[in-house]
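I've put the structures underneath this note.
Heads up, the next two complexes both have subunit A, just with different partners, subunit B and then subunit C.
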Partner chain A sequence: MPVFNFNPLTLNKIKRFKSIRRGYYSFIIFTLLVLLSCAAEMLVNSRALVVAYQGQWYFPTYGDIIPGTQLGFEYEYETNYRVLKKRLQGSDSGFVLLPPIPYNPYETDLKNNQFPPFPPSFEDQHYLGTDTIGRDVAARLVYGFRTAIFFSLILLVVSYLIGVSIGAAMGYFGGLFDLLFQRIIEIWSNIPFLYVIMIVSSIMIPNFYTLIAIILVFGWIQMTWYMRTVTYKEKAREYVMAARALGASHKRVIFNHILPNTISIIVTFIPFSIANGIIALTSLDYLGFGLPAPTPSWGELLSQGSNNLESVWIVSSVIVAMTVILVMVTFIGEAIREAFDPKKHTTYE
Partner chain B sequence: MSAYLRSLSSSILLLMFSMSALLANAELPANINWLTNDEDPVYASPEAVKGGTLKSVLLSFPLTLRYVGPDSNGGFRSAILGNQMSLVVTHPNTYKLLPSLATHWAYSDDNKTMYFRLNPKARWSDGKPVTPDDFAFTLEFMRSKEIVAPWYNTYYSEEVGEVVIYDAHTFSVSSAKPRPRNELASHVALNPTPRHFYKDLTGYVQKYNWEVEPNTGAYQISEIKKGKSITFSRKKDWWAQDLKYYKNRFNVDKVRYTVIRDMNLAWEHFKKGNLDMFGITQPVYWHEKATGDIFDQGYVHKLWFYNESPQYSSGLWLNQDNPILKDYNVRLGIAHSFNIEKVNQQVLRGDYERKHNIHSGFGAFTNPDIRSREFDLEKANMYFEKAGWGERGGDGIRVKDGQRLSLAVTYGVDDHTPRLVVLKEEFKRAGLELNLRKMDSAASFKSVLEKNHEIWWGALGGGRWPQYWGQFHSVNAHKPQTNNITNTDDPEMDRLIEAYRSAMSTEQRVKLAHQLQQLIHEQSAWIPSLDVPYERIAYWRWIRLPEVPGTRIGGTGLSPFDFNGSFDTSDGGLFWIDSKMKKETEAARKKDKTFPAVTRIDDTYKVKN
Partner chain C sequence: MEILKVEELKMHFPVYGGIFYRQIARVFAVDGVSFSIEAGKTLGLVGESGCGKSTIGRALLRLYEPTAGRISFEGKDITHLSGSSLRELRSDMQMIFQDPFESLNPRHTVGSILEEPFQIHRWGTPLERRQEVLRLLDRVGMPADSVHKYPHEFSGGQRQRIGIARAIALKPKLIICDEAVSALDVSIQSQILNLLVELQQEMGMAYLFIAHDLSVIRHVSDQIAVMYLGRIVEIAERDSLYKNPLHPYTQALIASIPVPDPRRRKTFTPLQGEVPSPLNPPPFCHFVERCAYAQAVCSQQTPQLSSIDGSDPSHRVACHFAGRLSHK
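And then the complex of A and B:
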């Protein structure tokens, strides 16, 4: 038995989506990147993947730190595995396997008589160089991506939940409820939301979730208009009337009957909302009103880069990364829109 | 109705003030000992020539031309006040008093009053003579509710006493409390305020928002393009231009401030020659941005000028009301795990200097024997263990009774994030987690004044003499809106501070200041960070400077006007523009002709440690 029981129309859409090559491949690469970023600790980290030391095996990636004293150093803070690797090289008392990029996004790799930012160097394994205080740009890009994408996804889910529910209710119930919410939304959307965020985040220190909450306060609006319109349209159709006649509750009619028929609208907007979420977080970080330092973030890298144009590797890394991600998301969005285009097929005759 | 009442009451007040001035009608004390100074060396260059326009930058257009009241505390305020002369000023190298609007001054025996003899030549920019009544008006003005400046209202009511007029050029200004002689002048040497200009202060904030007040200094605002630029022009027959200490200064004809809203953009303008000079104290400017063509070709010169101005008390301020920081050993542990030297050496290029004393740069007042605690993880470990924080959790952070050794540092300057990020990683090695709380600078300071902080990364200061009462006396501890940021509450400290405040001789004050600094060092609630005892600038080669290109307290002579923070010194306008060199340079740039590169390091006033 198949796990998913798609109806032929959905299968048709998926087929169309697959046939749009650049959207489909973007989707695969993008999904892969998101999945990989979940395992970023194993790819980009100062902690070793495997340490064999005096017959003992250690897997330091996750969990508690291993103090230097345990691995033959004199200090009590976390072992520096890069130093340990050098020390164990050529000896037979053990070995260290480091991730491909052996730096975490917080540590500052400073040198004597040389001053950051350091240019890209294969020897030091700073493949994209370091930022102005010696942190690895590649590490910060990867962890910054993870933050941005999950920020964006959570924001998307919550704001769509609110936006879709309110929008559908407005379209479905109409009348005073609709009128009231229309005015509320009009007033609400006239508040300059960027300023509000700036003011709020200058008074309190936003963290990941409070920042989502702040953006959410204004971010749910967009979906309501679209949902209101399509619900209005759907409500007048016979199947709604039939459901009502059978005694279905309002909730059931909205969520079980109308919503599936408007899903194409929602799905079409998703990729663009993801892009917007990334851009919102990045611009807030760029302006210094986003996540608190030293959280790795693209906006912070971008602002460092634009203040240090001489160190071109900072600004170019983050711009390339952003462009690639946003272009991919746009490709996916286009493909979805194409696949769900009601002109190609309709969900009812 | 209420507006009418208000104006009525203010005119009654005005009447009372003028009456009190008239009634005073006092006689000058008999044995008055008039002092003046024309013996100290001049610090302007006799080679200076007049002419040219200095092109300077404003990062934002000022919100007002007033220098008190709402929105007046911006950067442009110093340009306005820089052209307002005071009764006496301080020599920026010898720190002795110099004549300015007053030719002579004298002290009363009770250390409260100074007598002044006004220079009869002193004129406002509108040609009217400066009179003693203009100084009496300063008090009325600053005490008026109409200016909407509570700080000034309080200061001029509680710190400054009264103006008593004796004749057309002689008057006295008293202080509300006795002060040592060297500090008295900075409280009672007032700036005049033109009574004839302010007929009625009602609605001052709006009415005078864009009015150009007559002034007594070398320049006056001559052109305002709203949002774009402000130009000052030199007065052709400035009354003070031949006075000994004002001669050969304030040389350029015009000073034009253009608004360029971005620092990076301003730097590009400077490199194009659209600005004449640029402050490059920050290491990244001095070492990286200020290199390349125009510097190698000798068109632009670099100057590193050491000065001896009182340093800000920058460092970590630990809130001793915090249950963790209350522990003396924790504070010592933090001091020994504070690796500021790494920040200095590896991020700031070793350009800054480790601060040792809360009051460094105060000359004799600085206790030279105090050395800040060095970064030493073993010592830190020892102190943390003594305080019961010996055990470390799974993440390497110390724990005690289930609580993690985690503290938040509040700060308000974006540029300092890199420094704190490095420090955070260093503290982690000592088993202390430091969370960064970056806030908007006003909001962060407010939260600190409310004592909501655990650690504050910041600086206080700005005075000519060390002050302790506000920051360390127990009456200011454990309550909001005071400067006792460490919540220091120590009877011995209180005793010394009270003695310091009532001591009138310099020797005694120096001795007490040294003891207080030692005590502050011992309690370790304030941990010193870095000093920047110099100023670095880049300027096009047609800008010429005296042989010693600056002053001891004021820094480089590249400020076009006089005002320099609250040091009461007269150190501006020492440079001049050499029009011949300007033409020569511009011609040379077209033909790619070069000059020898110049990087000047002047350590005339460097404090030897």
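And then the complex of A and C:
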């Protein structure tokens, strides 16, 4: 028996998804970007990847701080590897391998007699320039992407867990339970979301998880409606009755029978929810109600850039990055929707 | 021995509406039905679409909660069973559904569909279950490699065989065949009917065979009940019913069976009008609006299901004029 005994219908859907080139390549690139962002410390970091110094090897990326004294400086704080690299150049006592972008998103790189922002410069390895307080724009973009994508992934998982289970329960049990939750949701969805965020962030400074929690409070609703409808539909089909006739419990009917048949609805909505999560975080950050400074974020870069339009590299890089990511996610979403379109292949045939 | 006894079963569905979502009407799907099934025998239940045949089947299996009446299985009242005793009952009573395209979960393999009854009733080890699944497939005439396939890879007849295998998995004593062959081609119908008859002889199950096709019913039934708008209008042994139909509705049904003889001309007058809405059935005899023999008494008294004097006591009919109607 094969390990992955995929339903041929599912294989068919995957095949069609692959045949939609735009969406399939977007999916590959997007997945790569997410995976790469997990290893961002090795690509964008002020710490060196490898240091060989006086016969000793150091790998500072993920370890503890290596104080300057250990690598021949007079200071006790963390070694500046860029300076170390310059110092070791030409000497035979060792070498330093820096990441492609040798800045972390928090450090300010200032120059004498000049005020940031500095324009892009290959010489300084600020490929996208620096922002208004001298932090590297590329580094903040990369780490901001990582924050945004994991923010929306966590939001997605939790809000779908809540939305799918409440929606499935509403559709399955119907009656008073359904009626009650419909009214609760209607009232709930009329609370203006932005005001709640403003009130909450004026009381406390939200961090990553509290921000997820706040958005979650309103974010579970959307999936609930779809799940409710589709569960109503599936519940009325005879295979559910057959399972009930065999003596299957409600739990078994919902999880073994109904949910697998609603999976295409859930999958279809995932890319659009990811895009929504990114947009939500970015706009909150832009308005200043999001993650506290100095967390790298696209919204914060966007607001800096729009306040300093003469430093066009800030606003243009964040807009290009956002557009590319959102367009890719939308392409993926389109392709999935197309591949799962029930008109193309129906299980009723 | 009676395996199943149904007394005055009523199944009404409320209709809600209006601003306050109150009950505004009732659908009288099944309105006072009594019958019994002998162990190992087949009762055919026949009637038009919407007359409540399927509702009876589902109420018997307790998929619906009956509004009133009493259902007893092997002498035990099962009308209000719940929890584990209801689950136990379900291993004794099973159902074969009308639409083999709908009654098998499209996301499950045939193997897991057939294994499910054993999982639910915690029967055997995984290995024993798998062997039993193969045995079941073999019994209904399906190849063993079907186990890894999905329902949509099979034809209608094959799917119905899978449905039958699932129903007989737990060796039930009663199977409700809810229009089990109506969705199939005629040639496949006979194969499936023969399989059902064979299985009955082998395992000694009783069938409640629900259908709208009189020739199918005649092929499989020992006893036949004719339903009209939520009530049984006539119930009799098979031969007695076909030879001597007493209710005007049964007479019309039997007269409408096509005869494969081109020289015979139509002699009967077809029934006029439509079946009244079960939301608002005629208050006494339900058939009164379409009956050629209706008189004043038919809209004043409800006819009771009873045998007529001087004939077979097992042949019962609900008509004020039963036995006095001559074929026009």
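Rule of thumb we're sticking to: the second predicted complex is superposed on the first by the 344 of 349 C-alpha atoms of A that agree within 3 Å, B and C clash if a C-alpha of one lies under 4 Å from a C-alpha of the other, contacts with A are read in each partner's own complex, and residues count from 1 in each chain.
Simple rule for what comes next: a residue touches a chain if its C-beta (ideal position, glycine included) is under 8 Å from a C-beta of that chain, and two chains touch if they have at least 3 such contacts.
Just so you know, these numbers come straight off a predicted model, no measurement behind them.
Subunit B and subunit C, once both complexes are superposed via subunit A, fit side by side. Contacts of A:Asp92 after superposition on the shared chain: neither subunit B nor subunit C is touched.
By the document's definition of touching, of the two partners only subunit B reaches A:Ile203; subunit C does not. Of the two partner chains, subunit B is the only one that A:Phe115 touches; subunit C does not reach it. With both structures placed on the common chain, the touch criterion links A:Glu123 to neither subunit B nor subunit C. Applying the stated contact rule after C-alpha superposition, one finds that A:Pro292 touches subunit B and leaves subunit C untouched.
Put simply, if you stand at the Cα centre of subunit A and look at the Cα centres of subunit B and subunit C, the angle between them is 130 degrees to the nearest 10. Taking the two complexes aligned on chain A, the least Cα distance separating subunit B from subunit C is 42 Å.
The intersection of subunit A residues touching subunit B with those touching subunit C, taken from the two complexes, is empty.
Across the complex, subunit C is touched by residues 1, 5, 7-9, 179, 237-239, 241-249, 252, 256-257, 260-261, 347-349 of subunit A. Residues of subunit A that touch subunit B in their complex: 63-65, 67, 75-78, 106-108, 110-112, 115-116, 132-135, 202-203, 205, 288, 292-294, 306-310. Of all residues in subunit C, those touching subunit A in their complex are 21, 58, 61, 63, 86-87, 90-91, 94-95, 97-99, 101-109, 116-117, 120-121, 148, 150, 152-153, 163, 166.
Residue ranges of subunit B in contact with subunit A, taken from their complex: 264, 283-284, 287-289, 342, 345-347, 349, 377, 381, 392, 394-396, 414, 417-418, 420-422, 424-425, 428-431, 436-440, 443.
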